[in-house]
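Next up: some structures, all given as structure tokens.
Each of the two complexes below includes subunit A, the first together with subunit B, the second together with subunit C.
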Partner chain A sequence: MRIKTLIAGLAMTTALTVPGLAMARPITLTTTLKNYGGNGAYLALYVTDASGAYKGTLWVAGSKSKYYSHLSGWERASRGNVAGINGITGASVGAGRTLKVTVDLADALFDAGYKLHIDVAAEDMRDSPSEVVVPLTTAGAGRPMAGRSYIQTFTYGM
Partner chain B sequence: MKRTVLIAAIISGALASPVALAREDDCKVPMAQWQPREAVERMAKAQGWTVRRIKVDDGCYQIRGIDADGREIAVKIDPGSLAIVRMKHRNGRGDGDDGRSAVPMPPANEILTGPTPPKAVIQ
Partner chain C sequence: MVRWIHKVLALTVVIPLMVLVISGSGLSVMPALDRAGSISRPADGISIAELAGRTAGITPGVEQIKRLPSGKVVAFYAGTDGPAAMVVVDPSSGEPVSTYAPSAFERWMTNLHRSFFLGDGGRMAAGAAAFALLVLTLSGLQMTARRMGGWARLLDRSRGSVMERLHADLGRLAMPGLIVSTLTALFLSLTTFGVIPDGQSQAPAFPTMAQGGPALPVDQIDALRGIDLSQLRELTFPNPADPTDFFRLTTAAGEGYVDPVSGALLAWQNHTVGRQIYEFIYRMHTGRGLWWVGVLLGLSALGVPVLGVTGTGLWWKRRRAHAPIAANVPAKTADTVVLVGSEGGSTWGFARTLHAALTAKGHTVHTVAMDSVARSYPAAKRMFLLTSTHGDGTAPASAGAFLERLDGIGAPPSFRFAVLGFGDRQFPQFCRFARDVDAALTQRGWTSLLPLETIDRQCPQEFARWGKSLSAVMGEDLVLAHVPERPRTHALTLIERIDYGTEVQAPTCVLRFALPGSSLLTRLAGRGWPQFSAGDLLAIVPPGDTLPRYYSLASSARDAFVEICVRKHPGGLCSGLLHGLRPGDRVEAFVKANPSFRPVQGRKPIILIGAGTGIGPLAGFIRANRGRRPLHLYFGGRDPASDFLYEREIQGWLDDRRLTSLSTVFSRVRGGGYVQDRLRADSDRLRTLIGAGAQVLVCGGRGMAAGVKEALTDLLVPTGLTPGLLKDEGRYLEDVY
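The block that comes next holds the complex of A and B.
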């Protein structure tokens, strides 16, 4: 009897956890910068919902918070929440280099009006908030798009 | 009489203070009960540590090396029971048993709910 209960319990918990895992999938965000001829660029990748409200940050390239004000779109949206990006910051990205971020994203974010934004800033050069704004759709995955001034191509793949 | 009491108090205070100052992480195991160095090495291996050096410090064994997560560690081991007395990581904070992990926790935002924290490479 006890073993039966245990098995039933196990089956239930497994059934409950498996859909939970299936709800998020790893997404690769690939950003290649142009040879803009300047120092390494700071980038912020973040998501807004259908109404344009900030939902969260996926990655910040560039570790010195004193420069984050140059990522003005992101800074305004996230209200400069530096504590909220603990663990998702890395090095700045040199001209001509490619930044590849792998992140688990919930399926619910796709085809639901969510948009991914990338702000870019480089030393002594013009800031570029929302250089790329791309709706998160399953159809748009793998389709490269160009940015306004620093980003050569950006793609997200599943 | 009063003066005698005062002097006695001062003397006993002076005698007691070194004891009070003795650090909690010292070991006091008689030499006869010490386990051999090899036992310490075996214990470290069982923990998944890579040992760089074993020495004796404050009456304890002290291991310097690298733990299973690749972090530098300095661990004080009770020479009798081989229990961990104190564990320090490279950053200097004693965090032997507070459950802090090496992987930084993903931030609490609505987007990052997956089990694995984001990763980035620059090519």
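The block that comes next holds the complex of A and C.
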């Protein structure tokens, strides 16, 4: 289990202007992986707007950038711009383990059609772009959901 | 130095190395198993479009199709649980064949093999261990070549105890595989840490949106129709929820996108040379797609644990044999210096005895090899130089640079010296090097404590006598009781004897002993009866005596008996003992290798020349000539009716062509002569044979050998060759007694 608090959070990596911290709130992202029987998984958590345009990256689990091409949805959305992820990367997540990250998200991101995506890939297994796609809503907070292949439950809580 | 590196490295990394090679050989069989279990062999003449169309037609919702290096085609489906959605597909029909589940055992083994389950730190350790194994392989190779007598002889038969041979043979056998494994491992390790680029170039940029429209059926997409299935690595279908998405295609040649509407290839990018090199090396290391490489590398790796065990055993044996000298005082403070010149190590045994005796009398003694002589010994009162002589009167191994180093020592020292030479009186250059050293020191004005003394064939009595003279000049009571170390002996039981020569006053008998049996355990420990070839020496130790007597072996291990040929000498202790043996009697004996007297490898003819018991090893060579190489024997005796040794066997060998020709000569018959006379009479033939590259092997008494050499010198004059020149090429060998 890992916990990381990002004060700046999305504000740093997105085109959205956030007037001040007063208008942001800490959100805890909890991702629990299935026992999929493979080596540690790489994950990318990122946000797109209603039209599907990339807005920014919240977290990347996995430190060797040469494997990022397997997170194809994220790489495609971000146009391979991995320069902006300094300070928001951590180790890969083992099967059956939980990744817990706390980030400060602007209030304006909620209930405005923004979606949170998670791409997952593990060595010698299938790549799973957009394993989870969940709209960011205040009502959806705390409601667990499952991914397609690797993610047992994903929850974002305020 | 090389030996030191080999030893220290091996002892340091033995445990991680065992983990690496055992897991590695376990993994090596996976590609072969995978291939054997693969129902869906790569089908010929199927395009990627056909495969994708069939697969998607039978089971809709395909997200990705991969062709594994084994040729297996795996399809991934959406909507179900991860691993369960992986299916092996029959490429010719597109039918699912079985669920694809990567082996958990293989994954576990892979992680153990590449990182010891320790993440990046473990990966570094595994890389370092691979490097260590490469150094061990190369240093081992170098040592083997040196032991065999040069790189050209690297593939010759190995010698020594079972353990030594096992170590050398297995090492040579595993060497190519280990070099490939370790070099590729190092490459992979360095790419993991980014030291070497792996050529995994940035993925091609996602193409800008194409014109929208209805997607083509996958089997009608041109870009996919043009590529054979065997080229496929990965095909990812467009996300059905995203109309702007493309196929993503990776083949053996490159990667890019395919427009599902137009069917065109977009943003294609060929693999870089770097990536192709990386993939080739990756395959060589893992055997993925090259199953037979995997099996070969795995077998080579399996040799490493055995090499580890035998190597440790050899190191332990060596360590015991070369134990450091007790109470060895530094050069600066020693009142007595003992310098040792030794080839095989026996002179060190005497030096140890001297060292211990002097130390017991309260002296501070410094004992080193002659090559380690210091420029000065400030506290020394006396120096002893104990040295053997190598070959034709040259310095032994530990004294090769001594005379040169002597020049570095300026004025004669204040202490006195005594030289003690070790050798064998049967050789003309008996103690030659000891005499040279004594002369060199005298010439430089050093003062002698005792005149030069010599010890014949490690005789303990002579050594003790020298100790008495030493006691007299030193005014102390030194007792030098040396018991020479000798190899473990085995009891040989006589099974047969044939007597010759009694009528001509040359009683000679051919003695055949049973091969002593030894258990596998004692053989592995190097304590069994060793391998031996004709021409090696059998050392017989008479009861109550410490000194062995040597006889040339007339048989090889393959003959399954031990045979020697012994002439009885008047008053000879050992030959008398042997001549008194009856079948069933036993003697204590061991084998001493004599690699300098044996036929060279190849098919060139060999001329064997022997007189009297000298025929022993030659008969052994003929008996071992199962390849029917041309052998020509010249034999000299006294009377064909009495001492024609091996007469009956020789007839048999001529019949089955192990022996090509026989020329005999006898001295006590009318018109008779010696073997050298027979050679002169055959001059033309011998010149032809030697001109054709024949090797000459001479065995017999000293006088006969000199006569043979003279005859050959004369008859070779027209060819410009001499026995000396032939000797330099290893084509003229003598075993003289």
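Operating definition for what follows: the second predicted complex is superposed on the first by the 139 of 158 C-alpha atoms of A that agree within 3 Å, B and C clash if a C-alpha of one lies under 4 Å from a C-alpha of the other, contacts with A are read in each partner's own complex, and residues count from 1 in each chain.
In this text, a residue touches a chain if its C-beta (ideal position, glycine included) is under 8 Å from a C-beta of that chain, and two chains touch if they have at least 3 such contacts.
In this text, all values refer to a predicted model and were calculated from it rather than measured experimentally.
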Fit or clash between subunit C and subunit B when superposed on subunit A: fit
Which superposed partner A:44 touches (first subunit B, second subunit C, both, neither): neither
First (subunit B), second (subunit C), both or neither touched by A:97: first
First, second, both or neither for A:129, with subunit B first and subunit C second: second
Touch count on subunit A, higher of subunit B and subunit C: B
Partner chain(s) touched by A:71 [first = subunit B, second = subunit C, both, neither]: neither
Partner chain in contact with A:86 - subunit B first, subunit C second, else both or neither: first
Touched partner set for A:61, first subunit B, second subunit C, both or neither: first
Minimum Cα separation, subunit C to subunit B, after superposition on A (Å): 16
On subunit A, positions contacted by subunit B and by subunit C: none
Residues on subunit B engaged by subunit A in the complex (per definition of touch): 103-123
In the complex, subunit A residues that touch subunit C: 34, 36-39, 52, 66, 69, 72, 75-76, 79-80, 124-130, 148-150
In the complex with subunit A, residue positions of subunit C that touch it: 63-64, 76, 78-79, 81-83, 85-86, 101-102, 104, 107, 111, 198, 200, 202-203, 205-206, 236, 239, 242, 248
List of subunit A residues in touch with subunit B within their complex: 21, 24, 26, 47, 55-59, 61, 83-88, 90-91, 93-94, 97-106, 109
